[in-house]
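Order as written gives the chain letters A, B, C and D; numbering starts at 1 within each chain.
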Amino acid sequence: MRLISLIETITSLLLILLAILAVSSKKMITSIIYLSFLSMLAVLSFAIMKAPDVAVTEAVIGSGLVTAVFLFTLLSMKKAGDE
Amino acid sequence: MKRIAVIILLGVLGFFIFSGIYSNEAFTEFGNVDLNNRVSNKFITKSVTDENDIVEFGKSSNLETGSANYVTSIVVNYRSFDTLGEVTVLFISSLGVALLLGTLGGKLTHKYRANFILRVGAKTIFPLIALTGIYIFIHGHLTPGGGFPGGSMIASAVLLLYLADENFRAKMSSFKLAESFAGSLYVLIGIFGLLTSGYFLNNFMNTGVIGDLFSAGIIPIVYVLVGLKVGSELTGIITDFLKVEVDE
Amino acid sequence: MIQYVSIVLMLIGIYGLLIDRNIIKIIVALNIFEVGLNIFIVSVGFVSGGVAPILTSVNSNSALIYVDPLPQALVLTSIVIGLGTTALALAIARKMYNAYNSLDLDEIGGMDND
Amino acid sequence: MTNPVLLIVVPLLLAFLSVALKNNKKQLLFIAAVFNVVGVFIIENGSYVIGGFRAPYGINLNLDAYSHLAVLVINILFLLIITMSNEKTKEFSTVLLVALAGLNGMLLTGDLFNLFVFLEIVSITGYILSTESKKYKYSFNYLILGTIGSGLYLFGLIILYAIFGSLNMADISFKMLSYDTGKLVVPIFLMFIGLAVEAKLIPFNGWVRGVYGNANSLIGSLFASVYAGTILFVFGRVFGQVLVLSEYLVAVFVAIGVITLIAGEVAAFSKNKIREILLFSSIAQSGLVALLFVTGLIFPTVLQLLNNIITKAVMFTIAGKISDDADTDEADKLKGIFANNKIIGVSFTVSALSLIGLPLFYGFYSKINLLLGLFSKINYFVAAFILLATIIEGAYFIRLLVKLWTPGEEGKESNIKFVTDRKVEFDFNKKVIAFMLSLIILLAGISPSLVKTNLFAMNKLLNEENPSYMFELKGGM
């Protein structure tokens, strides 16, 4: 029980930290990576709150596919920017 | 300057929200929820239409919904109409992405060439990931997961193939066909329920014993359809995002 | 704790939406808002000491205390809708980049592509 | 064939099929629209549960006098609009099919979360339709505002769920009756923001100008008429009938409505482009309708809403067509355009005059009704603002009509030769339907009893004491 509440506290603090970093970072790519980490921590918090279904879904969609789509967007823009 | 104004604004907003929520004693504190005050208590005992005292894993049979996973029973049975809407949201946004990006002819290429391990590994792992996805949505009524993560997993397997081989492109016409087929079948199952029992999306099949693979009536069927549909839609979105403008 | 954090996350997301002028970062902020919202929804159904809402051979009957499964079902919907809007937003962002050759809303706002 | 769920799922089924049957998309859209128009006449009022699970537990559709009238009008207008702008539907057929399903779902559903899902469907179709103009920055703006709005709606809804333990409209409404609503200011206000973004209320309507101002004949009229009508009907349902508002909130919402009304009319007065005039008039009308719903007037508000959406369907189609063909919609450059298109000109004029509320037109009847309603509630303050708004509205619409009818005289750009240059060809469908709609407006204005007795749903709305969600409560939970 103790361990759980410790994990919960750490997760909460990290969530806020990552959100602030993601919003305030100058480069888009770091912002996206922070968002991806944020999603992973959200997965952890879902698991703490006994929501395995949500955790699985968020893991695959939130931190997997959303990040991929973001990166593809960025990649395509970089290509256009190079020329 | 603007930053400070926004922070003050949000501080006021936050105070407003926090005090509004937590000054209300009817808003139960985190962790102290009593399910008896909520509609969910009937979902736990599966007694919305039938009277039921207790549900036991592996013993109770022929309940109103036969899913061992309560979330699945809500998603695909009690609130199945929401899920139909949700599938539609994904359908319409993949369609929107296709309208915006689908006409582009170029291919997004990365600068580096995937190394040997990635290329061979991706081809080996692809069937495993796809199978896991299928496993997840077939067992949606027993274990965590279900159609949405299962379908997304299939899409991420395709994504892996894209990463390993930049010349690889999925055949979108067959995915489109699968998407159309799965969506239509979902609606047709609902209409079949409407014709036979008078309720749209009624669970018209025998729900069996809780915990069996072949149980829960239409839940596994619907979840397989949802999985297929989500998988093909997300594959479509990814494929469209890999297109770029053709250089002039 | 985690419930307060979720509301703070939403506020940070709104802060990002108001402050950032970069399209991609606005979409990132939107996602932060959505993650916060999703955590809030799940937290509304949490019961301390409750069991995850799945009947298994271990937790085998409905007399146990379960966490509220309904908010979890709602969050599944919310996550998928979030993915849909994010994908669409990014597609529009790419089109904007092609049309205006910039990702900065202030620069784009001054342009008119009539 | 009497279950209203078919109005939602048949367009949806055809939308899924239209991906496979690419070549017949347009026909499928037409089939679905006709099916729905036929369907609204044979569905029967009542509460329909989905999946066979009774109401607060499962999702139900609530077809009462209010929602029946709403689906009737919206489906007919949808069919008329896609017929009027038939040539533009092909590319967006599937999107429009999904939109049709979503609009019906929003109007019929009896569950607040289900409403959120349909709201998202409808808004996403809206974002996609708005990209047609290729003005992506406006679409992006719309998408961000819409998404954050519906997110806040969901936030408010979940707080309500935590308090009442239910998502069903009738259930929550019933539980709210015996609850101190002063404590629910935050969740209700959050939900209000969510709907206000789509309902174009100040200060949440930053997206409207870019999106409406660049829409073509099909999309402009769909947004201004079908989408706006649906969202306002839903607004009336949620804030006029389901949620019990505290006095403080009523005052705030009425203030927002009044500000939207006056600011919209003033902005419209200062514009010269036809579509901008119309869109600011739409904003003003939304404010008017929203504030009337909040004050608890149902029947007169519905009359005014019908006046707005029917006339806007005609006017936006014409304005969109003009700017598609003439490449401009500035009134000064289009002087005398109606002199060459008399039927269209008459339809536009009738619609505009009805919207102002001149006697002999339907709008007069609706405006008199809502003023009488406000007087009976001793709400002279709001009534005074509405009269003020009417004067401004009359001024700019008559100015616009004069410009569009009389050929330009001198001046650099506005001579007669210029008018003949920008010739706009209206096709048969547009002429017939616009003229038909204006005839209906005239007919309803000359003998208002026609509206009362002939529209069966409206008739019930008048007679029933509380015309709304009462089915569910009577059915028992």
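Simple rule for what comes next: a residue touches a chain if its C-beta (ideal position, glycine included) is under 8 Å from a C-beta of that chain, and two chains touch if they have at least 3 such contacts.
In this text the structure is predicted, and so the values were computed from the model without any measurement.
The chain pair with the larger count of C-beta pairs in contact, out of C-D and B-C, is B-C. Rounded to whole angstrom units, the spacing between the C-alpha centres of chain A and chain D is 38. Between the Cα centres of chain C and chain D there is a gap of 29 Å. Look at where the CA atoms of chain B average out and do the same for chain C: the two points lie 15 Å apart. Distance between chain centres (mean CA atoms), chain B to chain D: 32 Å.
Shared interface positions of chain B, defined as residues touching 2 or more other chains, are 17, 21, 33, 38-40, 43, 69, 71, 79, 82, 85-86, 89, 92-93, 96, 100, 144, 146, 148, 237, 241, 245.
Within chain C, contacts with two or more other chains are made by residues 1-2, 4, 8, 14-15, 19, 43-46, 52-54, 67, 70, 72, 74, 76-77, 79-81, 83-85, 87-88, 90, 92-95, 98. Across the assembly, chain D contributes residues 113, 117, 120, 124, 127-128, 131, 159, 161-162, 167 that each touch 2 or more other chains. In this structure, the chains touch in the following pairs: A-B, A-C, B-C, B-D, C-D. Residues 10, 14, 17, 23, 26, 30, 33-34, 37, 40-41, 44, 70-71, 74, 77-78, 81, 84-85, 88-89, 92-93, 95-96, 99-100, 105, 108-109, 113 of chain C touch chain D in their complex. Taken in their complex, chain C has these residues touching chain B: 1-4, 7-8, 11, 14-15, 18-19, 43-48, 52-57, 59-63, 65-70, 72-74, 76-77, 79-81, 83-85, 87-88, 90-92, 94-95, 98. Put simply, chain D touches chain B in their complex at residues 3, 5-6, 9, 12-13, 15-17, 19-20, 48-54, 56-59, 91, 94-95, 98, 101-102, 105, 113-114, 117-118, 120-121, 124-125, 127-128, 131, 159, 161-163, 165-168, 179, 183-187.
Interface of chain B with chain C (complex): residues 2-3, 6-7, 9-10, 13-14, 17-18, 21, 30-33, 35, 38-40, 43-46, 54-58, 68-71, 73-75, 79, 82-83, 85-86, 89-90, 92-94, 96-97, 100-101, 142-144, 146, 148, 210-211, 230, 237, 240-241, 245.
Taken together, the chain A residues at the contact with chain C in this complex read 8-9, 11-12, 15-16, 19-20, 22-23, 28, 31-32, 35, 38-39, 42, 45-46, 48-54, 57-58, 61-62, 65-66, 69-70, 73-74, 76-77, 80.
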